[in-house]
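Shared between the two complexes below is chain A, which pairs with chain B and chain C, respectively.
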Partner chain A sequence: MIKLKKNAALVAGIAVLAALALYGLIVPLVSQWDPNLTVGMRLEGPSAEHWLGTDHLGRDNFVRLAIAARYALAISFISSIISMVLGTAVGLLAGYAGGRLDNLLMRGTEIIMAIPAILFALVIRVIIGPGFVPLLIAMAIIGAPGFARIMRSPILVLRDRDFVVAAEIAGVRKPWIAVSHLLPNATTPMLVNFASTASLAVLIESSLSFLGQGVQAPDASAGRMIQESMRFMNDDPLLIVLPVILITLLTVGWNLLADGVQMALSPKAGNLAVPTRGRRRKKLPGGPTQATAPTRPEDATPAPPVHHDYVGA
Partner chain B sequence: MSTITRGIGAAAAVALLGLSLAACASSGEEAGSSESAAPLAAVDGGSLVYASDVQPITGGLDPYLASAFANMNATVQIYEPLLAKDADGTIIPWLAESWEQVDDLTYTFTLRDGVTFSDGSPLTVEDVIFSIESMRASAAGAANFATLGEVTALDDSTVQITTVAPDATLINVLAYRGSAIVSKAWYEAATEEERQQTAMGTGPFVLDTWTDQVSMTFTANESYWGEAPSVDTLEFDFIGDENARAAQLRQGSGTDMAWFRDPTQVSSLEEEGYTVGQNAATRSLTMYINATDGPLADVKVRQAVSKAMDRQALIDFAMGGLAEPSLVVPAGDPWGIEPDESTPNYTHDVDGAKALLAEAGETSPTIQLTYASDAAFALDVPMVEVLQQQLAEAGITLELVGKPWTEVLQSYIGGTWTDLLLVPGVYQPDPASYFSTVLTPGLPMATTVTAESPEVALYMQLRSTFDEAERAEILAQLETAVAENVNVLVAYTGPQRYEVWGDTVTGYEVDPYTYREGLAATAKTS
Partner chain C sequence: MTLTDLDITPRPRAVEDPLMVLNGVRQEFPAAGGRTVHALDGVTLEVQRGETLGIVGESGCGKSTLARAALLLRKPTAGEIRFDGKDALAMRGGRLRAHRRRAQMVFQDPNDSLDPRYKVLRSVMEPLLSAGVPRGEARAKALEALEAVGAPDGAAGRFPHEFSGGQRQRIAIARAIATEPELVVLDEPTSALDVSIQAQILNLLLELQESKQLTYMFISHNLAVIRHLSHRVAVMYLGRIVEVGPASQVLADPLHPYTAALLSAVPDPDAGRRERIILQGDPPSPTQRAAGCAFASRCWLATEQCRTEAPPLVHTDVAANPTGGHLVACHRPGEGQEALRLGLRPASSTTV
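Entry: the complex of A and B
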């Protein structure tokens, strides 16, 4: 169990993201205003009817901002999940198989990482087409290489450890060794990277929407709202300030979560009340268990700096 | 007839799109002047700096390769046509001091004496013949010269042009600023790269330097045949960001003029005391219809869509009121006709739209509208968002599909879009040119007509009628017929750019096509 009292970053991150998730989910359901319909005059200031005023088409800003929060959270969360699954599979395969396959997969990830993220996303969007799903796919492909590299790094060390060798001698099938013996020992950096990838996904989604290639009209997105409001920033600066605050909260929220997870899962920090290895031992089938191996997360290669995995983001 | 017509239409489609690409390629805004109690006196010489949003794109300065708006407003400073149009659209002499229509198929042009190119060589009939033949051979110009027969020299100063069929558009085309006359010797001697990056014409300015994506500078043509420019040098600074350009103008650090697309910024600048040019509205937000299948194959559904549109509300919400309702010929074109209550299907009538849908058996159709979602087209997006709401009131679901402009362009040329496709239009030299793509049976984008359609007959009549009064009458009938059958939907029309300047310049007059022709007559005041 994680000691939350000692982990302010984790608490703050969860709180910010949970608050935004509630805002994005509940407000559009309970509000009397349709986020895509003209419900007032153009560029109205905040009032009892429209708490954050209206935009250039007379749409309610409070509800549209909630939709923008919903989109940003959904896209960042789902695309990071897909990135993690893809990246983990590739990293595990590359690290454990080694040799030519490792070379091939890692050069592939390097190629993707060498292309600026926004440019890469634009190209994918042009190829796949517009829409929510293509946007998710584009973001997932961008994020996957970071996970792959982070997964491969500890696997390269772990694959030669005694408990893995012992399992191989005992005849345990390699896929099972990879999933049940190697994967659990490389999860900490992956979880940290998940949150920071989600943070960057927020920025990329906003950037794409700003460029007209992300969330499409008439749906609201922070990037789109900024792009639409630039024309009115002299007369109605609130229109730009609101989506900027939303983006800031989202990225700060995800980054706090990343820091918090890192702290929480680091035994050195003393935040883990119960080691996970004890429980896992009982579930494992035949062959040596992790308990027999002196492997600890901190023994593995340190996680690479996850905040810089988006080249050119 | 059909082959010529198809050729005209096909090439016109390409030309029109080439133009609209740059017309919409970017946006710009700027700021500018100080309030002054009285106009300042003009002074000779000096450097005039004009902040622009985009430099010439594909084709550069080669008048036969480049027909985009971004290219045209640079080449008009250097190259000139045989004829020109005044602010009212009346054709006036230019490089040709006179012209005559001998019969329905023959024209003669007498060249002006004393015209020289900027290298000092005189303008000759060979240059004119070469230029017109080059225009005919070019992709952009082929549409305009589809009926051209022979171009011959009658003597050292007279050129005769014949057509293979009566074509009233030809004289307007020759008065188009894009119909540039070049020096045959220079053009043939130059490499393709030189033609695009340098220029040599008879116009009031001579290109001095062109620094890619930074600026383009011109000097006054000392041997210009007309009134020499007031300023010594002209500089176009390329600043893509609207706010940066606005700041540049407001700083008063050398930028005299600027242009941009956003009417909201124009209003702010006007309030600050800057002069805003009354540029003619020629940028129509045109929605092309694919009626090969789907609900829009039924004319009643098309009429219902048109009736469900509240065009004034579109203008008020999407353009802050700074645009005009328009028929196919843009409101700002001298030939443009203002729609009124008698215009079929133009008056906002939700009940009428519902009744038409019921008659068509399509009470709640779903229609797709594809539009360019690039940031450069951001000013068009509010229109489609409001339109979606308006159509919903009549029970029509409008699905918005945003795509990169390049894909929109490909869909248009290939006729592969579904239901509706938004393609902003630009100024055309002749009123008939605006109809060519949608009323030329056989073209991919002409899906609402057949060879027997009355609109097609009227269109052909418009092309072949010379008398202006008759043309105007035919055009009115054609506009009514197109509005009745909804061959195309026009949301509204606005200027290509809004030109803004402060009190550091005087004498500038906007031209109907926003090509900045007036810069030659503009003087500095300080």
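Entry: the complex of A and C
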């Protein structure tokens, strides 16, 4: 379906994220060191025993960094999934129902977007309490308005398309029209936004952890590691550099994935967001290309083959 | 085959037996600046069972709004719609869904009327399933409908993009007839197709009407096509019906000056030099309702009465046009065409 050879961004994005995921999943399992226990001297440099040295409490950096990667990936992935589900539902409802409900929902998303993300997460953390789940909930709510807005605009175009009117004439119930006709024709921008939301989620998670409001001690997280290591910055700069590299790799990985998906789904940049009306018949790279032979004389011009995983028709 | 070849004898009028009656239907939409668009401005119309009622008019005159009103997609602002003798606007929920199978539509652009992510069979089955037909039976009926429209073999399992425009329109027609409806609204079903395919689709529609006793509401701005297919013709201008009657009368002896102007614009390769009425200016904005006749601002026959008093849609007793169900909304019926016939050039006409 997607030509990987020509899509370096997609390949690179998947490779970076997959490598980090493997690192986060496997290293803590096979390593001889417990990530939360003192297993060496304080602030050791890299050695055969401790590949990336130890921190101020003598914990192994290589294993702790793996735990941090695991948390960051899990939180960014899961919270973006929840954001996508919430935002898609809101955008679909607002776009298809229109009128007052649309107005109400869209103003709601604007209110959430107007509040700085970190502040919003802190408030939710104060209300619900500390822990992994409240963190997920806070980040899911922060990400949802973006999905809602991106979902709504293609729905506004799609709802007036003839095939949607035809379904209404056929007497199809509106919720089913929304799910079976509107949603499948508006998915591609959501995938792109998923990856960019996840990238943002990595940053928000590390910021919250830096402030002591994200992942709780003794568990490792990039933000916490930076915060704990600030005091030893001059003695052992590696302690700061390592989590910073992790955050960079994670955000770059997600952003490359977003770019790759965008490229894979639209050869021409810019025609992804809104489904076009009328004929877009450019052959997309790598699509199924079996044209059907004309069987009736009057239909002697067969339609040019079109990739059927495209937004418009 | 060109479209002028379709210019055959108009079809005779069907027996009087109204399937659908629209009575004073108004459809208003809010527009920017607190104004109101009068898309339908009191439309009164009967669709007889088994006939083809052609609806003509220029872009923006409310043809498509009329189609959507007839299919009960939007509740009209005012007026009454009766389907098969029953008040159609009173239907809600389950009863309305049950009614849906009796009235279907074929759209102008077959590229847009089939969901690109639905396989053909699923699209054609959709109205059957939502009408409560069991899945197995719906499948059989859908395949039957696809065969009836001459869709290519194996079409059911493929996606719309694998077909040409003409084939797609056949599939769209299959979807419209799958539920065995009584009324089919055809909204410019051929104007997005190649000329060579248009005639094939029109003939298919005629065959289907014959074999399935369908009633057609045929919307078009192509007078040659209207003449080929319609028993009766209604002419719309700015949300109003200005003239309605048997196709043979309306298209041969128009009573309304607007109809006369429309007809004079049809190219006729045999006629050579002839009078053509060129209307001045654009139609007025539908946000401003004319106090009098909607056409008065562009009509070369308009008098003070036309500008202040709206002419009702009535039978006319002009001698040349015996009142065989031929209605016109004009204070000076027949004068436009008469002037042309006598070679008297209206102030705004030119010879081409």
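As a working rule, the second predicted complex is superposed on the first by the 266 of 313 C-alpha atoms of A that agree within 3 Å, B and C clash if a C-alpha of one lies under 4 Å from a C-alpha of the other, contacts with A are read in each partner's own complex, and residues count from 1 in each chain.
Criterion: a contact is a pair of C-beta atoms (placed from the backbone, for glycine too) under 8 Å apart; a residue touches a chain by one contact, two chains touch by 3 or more.
Since we're looking at a predicted model, the values are computed, not measured.
Undergrad: With both complexes superposed on chain A, which partner does A:I81 reach: first (chain B), second (chain C), both or neither?
TA: After superposing on A, A:I81 lies clear of both chain B and chain C.
Undergrad: Count the residues of chain A touched by chain B and by chain C, then name the partner with the higher count.
TA: C
Undergrad: Taking the superposition on A as described, I'd like to know which of chain B and chain C A:V126 touches: first, second, both or neither.
TA: first
Undergrad: Once the shared chain is lined up, is A:Q213 touching chain B (first), chain C (second), both, or neither of them?
TA: In the superposition, A:Q213 contacts chain B only.
Undergrad: Touch test for A:E168: chain B only (first), chain C only (second), both, or neither?
TA: second
Undergrad: If you stack the two complexes on chain A, which partner ends up touching A:H181: first (chain B), second (chain C), both, or neither?
TA: It touches chain C, and chain B stays clear.
Undergrad: With both complexes overlaid on chain A, does A:L25 touch chain B (first), chain C (second), both or neither?
TA: In the superposition, A:L25 contacts neither chain B nor chain C.
Undergrad: Considering only the touch criterion stated at the top, classify A:L191 as touching first (chain B), second (chain C), both, or neither.
TA: neither
Undergrad: Which positions of chain A touch chain C when the two form their complex?
TA: It is residues 161-163, 165-173, 181, 184-185, 277-279, 290-292, 294-296, 298-299, 301-303, 305-306, 308, 310, 312-313 of chain A that touch chain C.
Undergrad: Please name which positions on chain A make contact with chain B in the complex.
TA: My answer: residues 36-38, 42, 56-58, 126, 129-130, 210-213, 216-218, 227-228, 230-232, 234-235.
Undergrad: Which positions of chain C touch chain A when the two form their complex?
TA: Contacts found on chain C: 68, 71, 73, 96-101, 103-105, 107-109, 111-118, 123, 126-127, 130-131, 150, 152-153, 158-168, 172, 175, 179, 194, 196-197, 200.
Undergrad: Which stretch or stretches of chain B touch chain A in the complex?
TA: Touch residues, chain B against chain A: 242-243, 262, 264-265, 268, 317-318, 320, 373-375, 377-378, 381-382, 384-386, 388-389, 400-404, 406-407.
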